[in-house]
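Next come the structures, one after another.
The same chain A turns up in both complexes below, where it pairs with chain B and then with chain C.
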Partner chain A sequence: MFEKWRNRNDAKVFHPFWVIVQKEVADHVHSWRFLILVGLLMLTCIGSLYTAMTTIRTAVPQDDSLNSFLFLKLFTVSDGTLPPFITFIGFLGPLLGIGMGFDAINAERNKGTLSRLISQPIYRDYVLNAKFTAALLVISVLLFGLGLLVMGLGLLAIGIPPSPEEFWRMIFFLLLSIVYIAFWLNLSILCSVRFKQAATSALSSIAVWIFFSVFFSLIIRLVANIAAPTEVATEETAVAYQQFIQNLSRLSPSQLFSDATTTMLTPSVRSLGPLTMEQIYGAIPSPLPLGQSLLLVWPQVTGLLAATLLCFALSYYLFMRQEIRSRS
Partner chain B sequence: MKRIWNKAPLFLILMLALVAAAATHTYAAQSFSLYTPYPSITVTPGESINFSVDVLNNSSDIAESDLQVTGLPANWEAELSADGWSVQQIAVKPNSSQTLTMQVDVPLQVDKGTYHFQLVAGGRASLPLSVTVSEQGTYKTELTSDQPNMEGHAGSTFNYQTTLRNRTAEKQLYALTAEAPQGWDVQFKVDGKAVSSANVDANGTRDISIDITPPEKVKSGSYKIPIKAATNSTTASTELEAVITGSYDLEVTTPSGLLSTDVTAGDEKKLQLSINNTGTADLHDISLSSSAPANWEVTFEPSKITKLEAGKSAEVTATLKADNKAIAGDYVVNVSASAPEASSEAQFRIAVQTSVLWGWLGVLIIVAVIAGVYYLFRTYGRR
Partner chain C sequence: MDQHVIELEKLTKVYGDYTAVDQLSLMIRRGEIFGLLGPNGAGKSTTILMMMGLTEPTSGTVRVCGYDSTRNPLSVKQRVGYLPDDVGFYEELSGLENLLYTARLNKMSREMAVERATALLRRVGLEEASGKKAGTYSRGMRQRLGLADVLIKQPEVIILDEPTLGIDPEGVREFLQLIQELSRDEQITVLLSSHHLHQVQQICDRVGLFVGGRLLAVGTVSQLSQQLFAEEPFLIELHVQPGSTALYKKLLELPEVSRIERVDANRWRLSCTANIAPALTQLIVSSGEQLHSLTEKQYGLDEIYHRYFAGRDSDVRKMA
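After this line comes the complex of A and B, so read on.
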């Protein structure tokens, strides 16, 4: 049976790039690290789904116009004991990305397998590209799996099918999450290219993650206190100040991600910046159409995508210029 | 006996009456006389009079006499009664008196004037009586209204109070009909109940209230509604008048009825409005105004309609310019048209869309980064 499968596999000629990707995916799926991360994600996902289901009854809005987006509440409501699904993804997603990429290159180097790999008749950048592609594939499958699991269980529990718009909002949310995790993956691959030791790479990636999730908001608050306008500030200065603080906090990828996902999953969010009275006057609380929500978060999406690609380009540049020697 | 008297020539009656009048004193001095306290009475047609007549006997013998009413006009009826009996003769004890009642029914159909007749006791005494009929009697039905004219706008209900008077001798059942123009609703009510016919006793009255509801889109003007109460023998009719002043009503809408549109922030959008005069009177000087969110501009072309006939509509183009800082989502814009007599308002739901310019800028940034990565691939990848 095994032989047969293998023969058929051999008969089909794979591009060498996809051979490496296949191998990497297999490595990921069979590693303990991955299983632990998946277990962690599964537990939190089920936990958040449980709290969402217990509180979704109270979350039903009184206003009929917003009622149609009840299904999306599965991802955003919580009774306070456990954070909702989007918070978990925002918090554990980076961990997943870092966990899958921090030893991508340096582990191969330390084991001495990198030089052997390079000696094969393949382009050098296949190694890096394949490692990134493989990790991204695994992450995508995992996230879509989790997301669809929440949808399916939610459908079973509340019995209200999602509307097409809700469905597309969830798909966009999952795509956003993949981009976000891909950013951290690329960051950790960058570290793994730069640092020879896996531990250093892991620590530095995690340091960046902790900086952005814990200390960055503290620093923002500090700056906000210093830059705060006086009590008698005009409306324009107050708005400008708010805008400034918000732009500062948007340097953090996690802020970009939470802005984008909240808007995607809460259609009633109409603006992410401070609003003046002129803008609010005459406005009716109504959900935004999907296209408008996408336009609203487009800067965030652009930022995330650009940061991801920048990280990748940097690691690519570093990797290609590195000297790879076989260890004796 | 009475029949004979009735057939007697008039001059004889007059002669007798004169003789009787002249002889009253003589008779009074005599042993037998007739007495009533009120020999002359004024009544209205259809009434009946009760004369109380005392028959006096001053002699020491029992006096006995026939009683007759003479000179009674045609159709008048008289009846003598005493102690509940109808009497033709009377006997009075010596030095005593006897009371009897004479009931005279005045017919309904009688001319105005004074009528004379006598009560005659045999040949021994006579009592001249006179009845004055105060008004012209009729034998018909009357339908009257104190206020047959009313004014109101198209939506109001007119309530008329009429009185149906039966001046016939019998109880009548009247069928009530109205010849209202098409679309008018006329309802007769007696004692609060809707009826189509009414019973009225002989010489009785009944109040009939008539509710008239004009049609919904009635034109202004004065309308006459003939009302008729009829039996097979008698009819009465009157004419009610309702003056409709006309209604003023205005409506703001769009030709398609759709009251929502979308606009890109900072852009202009043209809206076709249709101003309808839904009232029944012409409207003049309709001005258009709007209340929009801050920094929005709404202009109308034309901004004023000088005259809009009843039932007609006018097209107005509104140009809406959204604030370029407006956030995505729905805003409310009120458009109102107002004439001195009526005004109307329409709420438009304007969905603001953000400009896609910045979206393309984002795409451009991403394309630039991808180009950079591609450059890296070309420079370092395939060596």
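After this line comes the complex of A and C, so read on.
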């Protein structure tokens, strides 16, 4: 039976797209870079799990422990020495994405393999798509592996199984992280199409990442100070101002990601915008159901996907009409 | 069946205000070995890129195997193998694995790919190195692996861009011989570009002289030399002792001799309108000088090349 299956497999002709994907995945898995990134993420998991363990006792609410989503706290609580898992992923995810993509096209170009690859009977976009798909596959497997590992270890350590809702919230959190990393992956592929040197490409992607994670909030604060309404402003202007600042900060993909993941992992988050007293008045202080949380983060997810698509479209546009010489 | 495998019509490529290829029209017949000759920067590589659909022509059309390379690059790439100059391989993969990758991109099953790749590696003489990583290959080996890589898709046409660049003379000889054999055995049309004239001369059926984006002349090497050296088709080199000025003048007075170039004191190169070797021998001996050797030389591409540039220089001077 095995023999039969093997024979059929031998005669099977893969679509060229999947041939490229296979090769790229193999390349990633065998590369040093990948080992380093995996090591980094492993440390993250262990570190954040450790801090969560030490603080989770204090996080157990006194009133009703059934509805507290204690399991999800594994990913969000911290004792202050190390950031929780969710922050770690928000911080290291971009690095993972950039690391997997910054030399996707230009390395092939510099090695002289791109013109050989392109002169095979494949469409040009196969190269781009296959590289993206391969990196995304590897990232997805990695993230799901790590996420489930943390869940498993946490289960062993605290002994409380996750409820189905908690489980689904976890899955959605991981999916969100993949979308977020896919954005950075695409950005770095765009840079690798645009810049001939791998170092330039890596640096420019990292520059964008640092800009959004460090300087963007600073600039927002600056704008906020300038645009702040006077003391005698009405309630409407105050709300409008808050919303304006929040929308500005949502131009940053990392803000979108942290909004979305916080909502997914902290069911008590009811709104991502400003709430007036009237809105809160009379509300029952209970966690949101999963569907409502998903609805709440829908705009964020759409935003992230749009940014990803934008990068993709740009690299497509640049790559499709680029002249490919042997080593330039 | 269409006898022209490659048809270029008024092909033009402009980069900014620089015209790399200018109104190029060229036909290449099935089964021939065609040499595209020209100095660096003449537009040879750009022309080849346009044939493969790797860059778009500014105007004009390219048809390879009956397909438009700009509109229908996939059909062209299925039938045409292209070996870029300074070809690169995935260094962490072995030579065989590199070939297998190409084969599978051409929709071959794994079994068939292994079979063909092994046969081709044997053919290009890389049988023993097939398991080694491509990163350890020498330049000559890489070039031969490149040839195998081009052949694995069983192409109708192969296009080689500067295939002999950076290989030692013995390697070049073997490589060109291999190309020639392949072309004869498998009926493959070969287009190769080079600036090494004498190498191309050995194996090409026809050559095209390509300078400054324009095709100056097309034909067999002897046709080209006839075209360019219509007035003085014979070149005779003499080695005379002691080589006096009197003899020099006497030779120059012969009506068939158009000019004499002194290679050194005793070696003279005569451009003649007819083959007058016997008359020359007599003249030299009768004037009491010793004739050490007399060689009739055919104009090679080196001379053709040189002649073209000399001509161009004079054009420039005339304009100035």
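Rule of thumb we're sticking to: the second predicted complex is superposed on the first by the 311 of 328 C-alpha atoms of A that agree within 3 Å, B and C clash if a C-alpha of one lies under 4 Å from a C-alpha of the other, contacts with A are read in each partner's own complex, and residues count from 1 in each chain.
FYI, contacts are C-beta pairs under 8 Å (C-beta built on N, C-alpha and C of every residue); 3 or more make two chains touch, one makes a residue touch a chain.
Just so we're clear, the structure is a prediction, and the values are computed from it rather than from any experiment.
Visitor: With everything superposed onto chain A, say whether chain B and chain C fit together or clash.
Guide: Chain B and chain C fit side by side in the superposed model.
Visitor: Considering only touches as defined above, state whether A:Val301 meets chain B (first), chain C (second), both or neither.
Guide: first
Visitor: Give one of first, second, both or neither to describe whether A:Ile46 is in contact with chain B, with chain C, with both, or with none.
Guide: Neither chain B nor chain C is touched by A:Ile46.
Visitor: Considering only the touch criterion stated at the top, classify A:Ile324 as touching first (chain B), second (chain C), both, or neither.
Guide: In the superposed model, A:Ile324 contacts chain C only, not chain B.
Visitor: Looking at A:Ala227, would you say it contacts chain B, chain C, both, or neither? Reply first, second, both or neither.
Guide: neither
Visitor: By the touch definition at the top of the document, which applies to A:Tyr123: first (chain B), second (chain C), both, or neither?
Guide: It touches chain B and chain C both.
Visitor: Quick check on the superposed pair: does A:Tyr281 touch chain B, chain C, both, or neither? Answer first, second, both or neither.
Guide: First partner only, chain B.
Visitor: A:Leu309 contacts which: chain B (first), chain C (second), both, neither?
Guide: Only chain B; A:Leu309 stays clear of chain C.
Visitor: Going by the contact rule set out at the top, does A:Ser271 touch chain B (first), chain C (second), both, or neither?
Guide: The answer is first: A:Ser271 touches chain B but not chain C.
Visitor: With both complexes overlaid on chain A, what's the closest CA-to-CA approach of chain B to chain C, in Å?
Guide: In this superposition, no C-alpha atom of chain B lies closer than 5 Å to one of chain C.
Visitor: Using the superposition described at the top, list the residues of chain A that contact chain B and also contact chain C.
Guide: Dual-contact residues (chain A): 123, 321.
Visitor: Contact residues on chain C for chain A in the complex?
Guide: Listed in rising order, the residues of chain C that touch chain A are 45, 49, 52, 54-56, 74-75, 77-78, 80-82, 84-92, 101-102, 104-111, 146, 149, 153, 161.
Visitor: Which part of chain A faces chain C closely enough to touch in the complex?
Guide: These residues of chain A touch chain C: 10-16, 19-20, 23, 27, 30, 111-113, 115-123, 321, 323-327.
Visitor: Which part of chain A faces chain B closely enough to touch in the complex?
Guide: Against chain B, the touching part of chain A is residues 123-125, 270-271, 275-279, 281-284, 286, 288-289, 291-292, 295-296, 298-299, 301-302, 305-306, 309-310, 312-313, 316-317, 320-321.
Visitor: So in the complex, the part of chain B that touches chain A is made up of which residues?
Guide: 292-296, 323, 325-333, 349, 351, 353-354, 356, 358-359, 362-363, 365-366, 369-370, 372-373, 376-377, 380-383
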